[in-house]
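Think of it as A, B, C and D in the order they're written, each chain with its own count starting at 1.
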Amino acid sequence: MFVSRRTVTIEWGDCDTAGIVFYPRFFAMFDWSTATLFANALGMRKPELLRRYGIAGIPMVDTRAKFHVPASYGDEVVIESRVEKFGRSSFDVYHRLLKGEAIGAECWETRVWAGRDADDPTRLRGVPTPMM
Amino acid sequence: MFVSRRTVTIEWGDCDTAGIVFYPRFFAMFDWSTATLFANALGMRKPELLRRYGIAGIPMVDTRAKFHVPASYGDEVVIESRVEKFGRSSFDVYHRLLKGEAIGAECWETRVWAGRDADDPTRLRGVPTPMM
Amino acid sequence: MFVSRRTVTIEWGDCDTAGIVFYPRFFAMFDWSTATLFANALGMRKPELLRRYGIAGIPMVDTRAKFHVPASYGDEVVIESRVEKFGRSSFDVYHRLLKGEAIGAECWETRVWAGRDADDPTRLRGVPTPMM
Amino acid sequence: MFVSRRTVTIEWGDCDTAGIVFYPRFFAMFDWSTATLFANALGMRKPELLRRYGIAGIPMVDTRAKFHVPASYGDEVVIESRVEKFGRSSFDVYHRLLKGEAIGAECWETRVWAGRDADDPTRLRGVPTPMM
């Protein structure tokens, strides 16, 4: 299974008063790791991917994260990401955040391959993934 | 079981290029809803709560969210929050985000009641919750 | 001159390791204060405003802020906002953030009333403000 | 004058419904560029710098940015940063964000070299910069 890796430096603005990453920021990092995973697998960046497949995005429908070891500003962490499953119009991604040798966090995602609704372009709806 | 409610207006800066809330922002909203839940239940705001109980924070260890209906800037949503369980040094919270009559999103949290480690104040560790 | 006021509660996620608001979050607050100012003055929320005037947004071109008194999570601050000037396709806004009696911060903005470029819809360009 | 450069990839979560960077995110990028500037100049990351000099942070007191060319997700931009002036307890930084050959944005900062107040550790106050 294709695995994508990227290094992320934790920034001052990612951290809270307790001195550790404010966890919603981890989800933002995982979000871009999923974009990077597709960019690396398909050889095109996200804007090109959306144009090429005629979709509006890959919105999240279900995500879970476990935080094992905190990280703080200045830390360099590695996020490893892979697609676990492709469904008809959705897919699952798994991320593992490494802080040195330790698994700092894990995240599971189910996202929709989503186009604009033909009848109401302000709405998104699942369309068949090209991988099925 | 004590339920806390607050109304949140979705802002332009909460939304992404698809025109819907960038989901990490929902986690930030849920985070403050948990703070508000304790504030409402205990009659003290978060800074006073941390001082009173001598803790550094209530860091997240495990959280999951399901997103059922998207929301966009200008929407007013209601977040209902309640503690589901108190453990020895952790507790579970459940949030339900209402967009009108619809359940727009749900979130489950397990957090730690965390103090500074006596030997290494840069580290956090679970301490007994006062509710047990 | 029309003045719009809103109360903002500083959240845990707005603050950094020094325990005070991470200043980019103040800009996010000012951004929504400008949206609220128009909503209050014109009687329509931002999505309706964009549709009604056929614009894609009111992007920032020049902004400055001075931070006089820090704020922290749990603080309730008031942001007062007013349009200072309407130009042909741009306008200036001034925000004053009050923490109790003190002026905690000030912000000046110059924004563009921006539509999609007819030749290239991925680009934004200034269009005449309806107020001129 | 020492100039620090770093490359930043604009992420999906940095952009708003108009499809361009939500400008408060630029300030977050500039904030970490200032941290990187000191890290590169002094050979130590921000947490070590704060410990070494006994300060709590380098809070912003005055910042201005001009946005010339929008950027969007997938764009790689370069931020060049340099200290313009060291005062007794404050210093000025200038950032230039390059999108290809174009200057996409500029930012000016005045920050304080801030320690904890001896009488009230919850307050920050300027202390002499080591560079003077």
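Quick notes on this one:
Basically, a contact is a pair of C-beta atoms (placed from the backbone, for glycine too) under 8 Å apart; a residue touches a chain by one contact, two chains touch by 3 or more.
The model shown is predicted, which means the values in this text are computed figures rather than measured ones.
Touching subunit B and subunit C together: A, D. The interface with the greater number of C-beta contacts, when A-B is set against B-D, is A-B.
If you average the CA atoms of subunit B and of subunit D, the two centres end up 30 Å from each other. Subunit A and subunit B, compared by their mean Cα positions, are separated by 22 Å. Each of the following residues of subunit A touches two or more other chains: 12-13, 16-17, 19, 22, 24, 28, 31, 57, 72-73.
Interchain contacts join each chain to each other chain, per the touch definition above.
Across the interface of their complex, subunit B is touched by residues 12-13, 15-17, 19, 22, 24, 72-73 of subunit D. By the touch criterion stated above, subunit C contacts subunit D in their complex at residues 16-20, 22-25, 27-28, 31, 56-57, 59-68, 70, 114, 122, 124.
Taken together, the subunit C residues at the contact with subunit B in this complex read 9, 11-13, 28, 31-32, 35, 39, 45-48, 72-74.
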